[in-house]
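Per-chain residue numbering starts at 1, and chain names A, B, C, D, E and F are given in the order in which the chains are listed.
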Amino acid sequence: MPRKILEEKLRLMLAEDIGQGDITTAAVVPSGLRVEAAIMAKEAGIAAGIEETVILAENLKLEVKAEVADGEEIKNGQSIVKISGDARTILSAERTILNLLSRMSGIATTTRNLTGKLRSARLKTKLACTRKTAPGLLYFDKKAVQIGGGDTHRLHLDDLILIKDNHIAVAGGVAKAVKSAKQRASFSKKIEVEVTKVEDAVVAVEAGADIIMLDNFSVKQIAKAVTQLKKKKVYGKVLLEASGGIRENNLVKYGQAGVDIVSIGELTNSVKALDLSLKIARIK
Amino acid sequence: MPRKILEEKLRLMLAEDIGQGDITTAAVVPSGLRVEAAIMAKEAGIAAGIEETVILAENLKLEVKAEVADGEEIKNGQSIVKISGDARTILSAERTILNLLSRMSGIATTTRNLTGKLRSARLKTKLACTRKTAPGLLYFDKKAVQIGGGDTHRLHLDDLILIKDNHIAVAGGVAKAVKSAKQRASFSKKIEVEVTKVEDAVVAVEAGADIIMLDNFSVKQIAKAVTQLKKKKVYGKVLLEASGGIRENNLVKYGQAGVDIVSIGELTNSVKALDLSLKIARIK
Amino acid sequence: MPRKILEEKLRLMLAEDIGQGDITTAAVVPSGLRVEAAIMAKEAGIAAGIEETVILAENLKLEVKAEVADGEEIKNGQSIVKISGDARTILSAERTILNLLSRMSGIATTTRNLTGKLRSARLKTKLACTRKTAPGLLYFDKKAVQIGGGDTHRLHLDDLILIKDNHIAVAGGVAKAVKSAKQRASFSKKIEVEVTKVEDAVVAVEAGADIIMLDNFSVKQIAKAVTQLKKKKVYGKVLLEASGGIRENNLVKYGQAGVDIVSIGELTNSVKALDLSLKIARIK
Amino acid sequence: MPRKILEEKLRLMLAEDIGQGDITTAAVVPSGLRVEAAIMAKEAGIAAGIEETVILAENLKLEVKAEVADGEEIKNGQSIVKISGDARTILSAERTILNLLSRMSGIATTTRNLTGKLRSARLKTKLACTRKTAPGLLYFDKKAVQIGGGDTHRLHLDDLILIKDNHIAVAGGVAKAVKSAKQRASFSKKIEVEVTKVEDAVVAVEAGADIIMLDNFSVKQIAKAVTQLKKKKVYGKVLLEASGGIRENNLVKYGQAGVDIVSIGELTNSVKALDLSLKIARIK
Amino acid sequence: MPRKILEEKLRLMLAEDIGQGDITTAAVVPSGLRVEAAIMAKEAGIAAGIEETVILAENLKLEVKAEVADGEEIKNGQSIVKISGDARTILSAERTILNLLSRMSGIATTTRNLTGKLRSARLKTKLACTRKTAPGLLYFDKKAVQIGGGDTHRLHLDDLILIKDNHIAVAGGVAKAVKSAKQRASFSKKIEVEVTKVEDAVVAVEAGADIIMLDNFSVKQIAKAVTQLKKKKVYGKVLLEASGGIRENNLVKYGQAGVDIVSIGELTNSVKALDLSLKIARIK
Amino acid sequence: MPRKILEEKLRLMLAEDIGQGDITTAAVVPSGLRVEAAIMAKEAGIAAGIEETVILAENLKLEVKAEVADGEEIKNGQSIVKISGDARTILSAERTILNLLSRMSGIATTTRNLTGKLRSARLKTKLACTRKTAPGLLYFDKKAVQIGGGDTHRLHLDDLILIKDNHIAVAGGVAKAVKSAKQRASFSKKIEVEVTKVEDAVVAVEAGADIIMLDNFSVKQIAKAVTQLKKKKVYGKVLLEASGGIRENNLVKYGQAGVDIVSIGELTNSVKALDLSLKIARIK
């Protein structure tokens, strides 16, 4: 995303936190004082949000030097970004920067951990997030997943036809829903269908779906579904996504059962922030 | 907050998710179809975000009926909000509504759980959140804490003088920082000071602080600090807040050690969303 | 797109035109006067923008009744929308409404005319627009194309990988570009590649492209390309889009030559507005 | 208009096109790659939108060099703007820049063509546009007309009293409408009145109008009106504007018939975009 | 100005005052309590801002009944607006409403007082304000002047050519400046020129100016100027505006000296707010 | 407040004044002309708004040099800011800059005058403003008060519990209102109560108020109240604020009567702007 558009999103975040002004720095920090500060990791993880930090800091006329890039590993105690400039500005923006950086790094850290398990098991299965993000943070949450090695899935409601249970209910069945989508949607979009039974998967593929989401299937059910889809000569023609009930401890088994993608809503809606802090290192 | 201002915040959240339009409902759901839907809890917890859900739904010209109020307990399987109206609108707004409702309810649930422990121990200690929220969600995260029975602490940077380590560093010590604040800040604001040593607490109180934050003190250190503050005849004159390292399993001990407030950043920056879903109940 | 989001887009259009207020109505039209008005067609065409007109008018607290629906044919002299309410409001909003309605109807009319030619020739070829719209009017221009029976193609830059000449240049060739996209893009997006030679089409398909855009191919060149792709057993495996140099008089030939989609930038960047006007019919 | 205000308008146009990010450049173009690009004319015309292109490009931290100025002639094949910098940024902004530049240049080209005809006939008649622009593009459309040598007419609803048929209908006649305007409007604004009969022109002038718009008069009717206005000693005291039915082939005749201004809605609502493209010239 | 656009301006004013929420009403006023309130005048004056009050209150879902209309006289102790509905909402919006209403009414009161003096002296001289308003309040300040019977003068920078000293300096003299404006500006705009010497007035009129502003002329100098302009047969051909040094006590003399307009910056930049308050009258 | 957030507020002020563009400079001032200008004081006072002027000018790519700092005295005839750069930009922004600078300086001048009287009388009494500002200008008005040596009081509705007559009425009395606030509001906020009788002051203090506002008390009543509060041993435990009826001529007496704060709404709602002008000093 071009920097100019990110700047505006970041400015709004900062503005909310500032309110009518940072009364503490105004009362305690001398005007015009220049300092050097460092953002320090208080636990290990994967860096994400570094680009945003640099943009916000530069936009506030601060000098900033990223010491790790987005996607790199960071160790407990490591300095990850150096910021210098006007002390009041740094202290007023500190929390906004840390909130974004620690959320994005938290997401990237979990994502990397889980994709690492799939890679260790020599699986090509993709790990995807969903649209279950913090409200208003779709862009940042999905970018953090991508930095962690995950797949962003739908970016929002306009880039993939994803037919879920409620759509099927109002459309009058899987076949009708997919045919309607096939007929009315742009050729430039893929069509994914959420199913709860293998038979519906077959129907969906025959109606023209590109991706099948097996919703809340256990590992055993996935395996059985794969067998049936192979029998129907459908397996391999479309992508298979497993969703629902997938956790760190069964992720690899889902992958081994034969799906192309596993998706986990908790990646972005139950985030554990990475512990970071900002320290004034030197008063110039 | 007046409804009109909330409406705009909610509209922006929805707009981000919609992008250029919900291509799935446009392709699959008949125009003009009217349905009834219910938001169902898939686990027990405390409801929060109900007011926002009602406002957003009404603003989208949907009929909405809250079946629980903010702050009430909800059971697994319970229907918490009924929404009826245009099917396309309901399905396009579903995820935005659920994302906000499940985040706020998740925060309220954890907060209620922790304040419950303090109440069970017959403590008056307040549980507070911090400014460590999801970026841009200060208002909603803090409101959810309040619904759960917690204290919102600072709403943003303009409503409390909170002098932290970095401020003290640039101001040249605790006494100087507090005196500067006392002199330059409005009479209408309280002054809080973060200290890492009991001696600094005494200095801060003598310089005019209203609240002392004991930063990263163990329970044992808190107890010792209280003893010393009593000796200095300072205890009871100001509010004491403990912050850092406080968890479900030691929370009560911190309260028993004699602080007025315990604050926990994880309440709002490491949220576990409450599991909710929306189901179309009836096609009219 | 949910009404609430459209309202804001429409409000901004109106606000630009109003400036500091409509000084003519303030000086000439009595306050509180209520009138009935009609939007009349001054030439035949296809209606588009009716939904937007209704939303804007209702949002201004006017009563509005659409006499044709989006996508319906309108005749010269036909009344297409009735609006009644405060005279000043109607006259102040007249031009904004007509500008949107006449642009969208103009686009829909041309699109319907061209898709009609394809249908008359019993072709299934889709007619698509491009991102060559009036700046800032992507949503409305593409919606008008859709109403006219065309395909919206990409809605913006985030919903289809479309690798064009410049991308290929910097990526170092077609194969490299497609492989990079295949590896780094989400599974939920299709990949389209623009080529100027048939050989590149084959390369792109083999690398995993879903759609091939044959750029500036004459009808003869398209026919030759189809032959070669059939020989390579690639034809039918991917969608073929012809783009560049396509006009009303050769459109059908392009379709007959075997492409799935023909796309025309002029549909949205060289629009002829449909001639409409608003008349006060009755002063109450 | 000060650059800072333009920047925001341009940022919004870009943001709409970007959505959640340009997934093609992210997937295909290496991060940090620097290139040189040129915007090339694919047909001859008059440049307009150059200032906007420079502002948007500089605002995106690109280096930009305009090779023609707004209002200058450009030839088929000519390079008109050179842009260099980050490849991803250039490719993501390419379409927004070209859309604005080709629309504005298209408008300026047509305007110059028509004003040229008036000048060749040695007429001082001004060619004006109307408020019939693309919705939301008033500023850019009118600026392009001005660059092409046309008159912007009203910039929006607050800078000229323009009493049209509907106003006259609700005000109860031409005389009443103009008197009301004369009495209630600021001295700083001119008053224009649209009439369909010569008698009304005389009434309007006597009531104090500054400009008369002869609406949908044929050339013959204009000539006759001029004769009558001369007889009434009104000709020359006010400006005369002809509007409706004016085209390239009768424009000069309208001018010769004695009006001061001819206005044409199609200048801005039925625009033919100038064909331009952007080419990566060199990878650094 | 259409209500919808005013609503947004009023919403932003309210939002600034609310911050993260009205903590007093939240803590003290029961949720759901309904009350009746009245806005009372604590001094006599002219009402202005009533329309805005009604719009804001209705927009907040309050019932509102204006007891005086904009422009009517109000007496000390009079109830001017009745508002009923949710107590929290009324109390949270109280200050925003009163601030706007008391500023606008203060402006209207002073304006009416001064225009009354001109009318009593049987002068047709118009009293105008300038662009010296509170920053960001151009629309409301000028509307209040109009309600008080004054002339709004320029609404902003795009609706009148007003050539002032600095413009003349850079243009190289009055004649050059006016000629340049005449040639380059739209026919739809008037041209006003600020002069400090009578000779320049003559030059300006001859070059085509529509209005002459006599800047900082004493009453005596005005009279002398009028004599000279009559001698030059220029008087009556253009409008004359006196500006600078005009006060309540010399206003009539300026009018008698023969100018068409007197303008006073203090009308809008040195406002005395009318004293108003809101009282809860009844708890339902 | 960080510069980036101020920039946006200032941009919006400028944008309102510009409308569709400054047609005077476009018509009269050559493009690209560079000049030097100075903002001159036409009366003595205290500078405020200098920081905002610098930010806006720099943001418009002008060179700017403040010759006085916010809070410094300025003399009649003194040059206070030098601005150089593009002539069109300077002239288009002139009025927006002067409007803000003259309002803020006017507020600071009055505030300094009044605080000076308190200091001369060797009083420590603080002079505070209220929320009675120009609508939408809370931030700038309060900052100007602070620059003039006054206290900002509440910044908006979220930073102090201020229980006024209407709140007390709906809450059912002073004691109930304060207890409710004490119980429900965050520990981080002070509680102020407005009273009209001394007895209520005692009740409020006993219920836990931090500040008592004596509303519309005469100096004599204040003195009596202080005596009673001393008798009740309440004096000195809380802050006392006098509000209502305080003017330049009785301000010192209020201070001497024993209150800690005097507050005056007119400081910000009945502002006399400082007279300033901008002159082009040199054409480069």
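Assume a residue touches a chain if its C-beta (ideal position, glycine included) is under 8 Å from a C-beta of that chain, and two chains touch if they have at least 3 such contacts.
If you're wondering where the values come from, they're calculated on a predicted model, not measured in any experiment.
Trainee: Touching both subunit B and subunit C, which chains are there?
Mentor: Joint contacts, listed by label: A, D, E, F.
Trainee: Where the contacts of subunit C and subunit D overlap, which chains show up?
Mentor: Expected: A, B, E, F.
Trainee: What is the chain whose Cα centre is as far as it gets from that of subunit F?
Mentor: Most distant chain from subunit F: C.
Trainee: Return the chain pair with more inter-chain C-beta contacts, choosing between A-E and A-F.
Mentor: More C-beta contacts join the chains of A-F.
Trainee: Based on the averaged CA atom positions, which chain is farthest from subunit E?
Mentor: A
Trainee: Among A-D, B-D or C-D, where does the B-C interface recur, judging by over half of the contact pairs matching in residue number?
Mentor: A-D
Trainee: Quick one: report the Å distance separating subunit E from subunit F, using the average Cα coordinate of each chain.
Mentor: Centre-to-centre distance between subunit E and subunit F: 23 Å.
Trainee: Quick one: report the Å distance separating subunit B from subunit F, using the average Cα coordinate of each chain.
Mentor: So the centroids are 32 Å from each other.
Trainee: Using Cα averages as centroids, what's the distance between subunit C and subunit E in whole Å?
Mentor: Centres of subunit C and subunit E (C-alpha means) sit 44 Å apart.
Trainee: What residues in subunit E touch two or more of the other chains?
Mentor: Residues 18-23, 92, 138-139, 155-156, 158-160, 186, 189.
Trainee: Can you tell me which positions in subunit A touch subunit D when the two form their complex?
Mentor: Subunit A reaches subunit D through residues 1-5, 8, 138-139, 142-143, 155-156, 158-159.
Trainee: Under the stated contact criterion, what part of subunit B meets subunit D in this complex?
Mentor: 19-20
Trainee: For subunit B, which residues count as touching subunit C in their complex?
Mentor: Residue list for subunit B touching subunit C: 11, 14-15, 18-23, 59-61, 89, 92-93.
Trainee: Write out the stretch or stretches of subunit B touching subunit A in their complex.
Mentor: 12-13, 16-30, 33, 35, 37, 87, 91-92, 94-96, 98-100, 102-103, 106, 131-140, 155-163, 165-167, 169-171, 177, 180-181, 183-186, 189, 266, 269-273, 278-280, 283
Trainee: Over in the complex, which subunit A residues touch subunit C? Could you list them?
Mentor: Contacts found on subunit A: 126, 128, 151-156, 158-160, 186-190, 192, 211, 239, 260-261.
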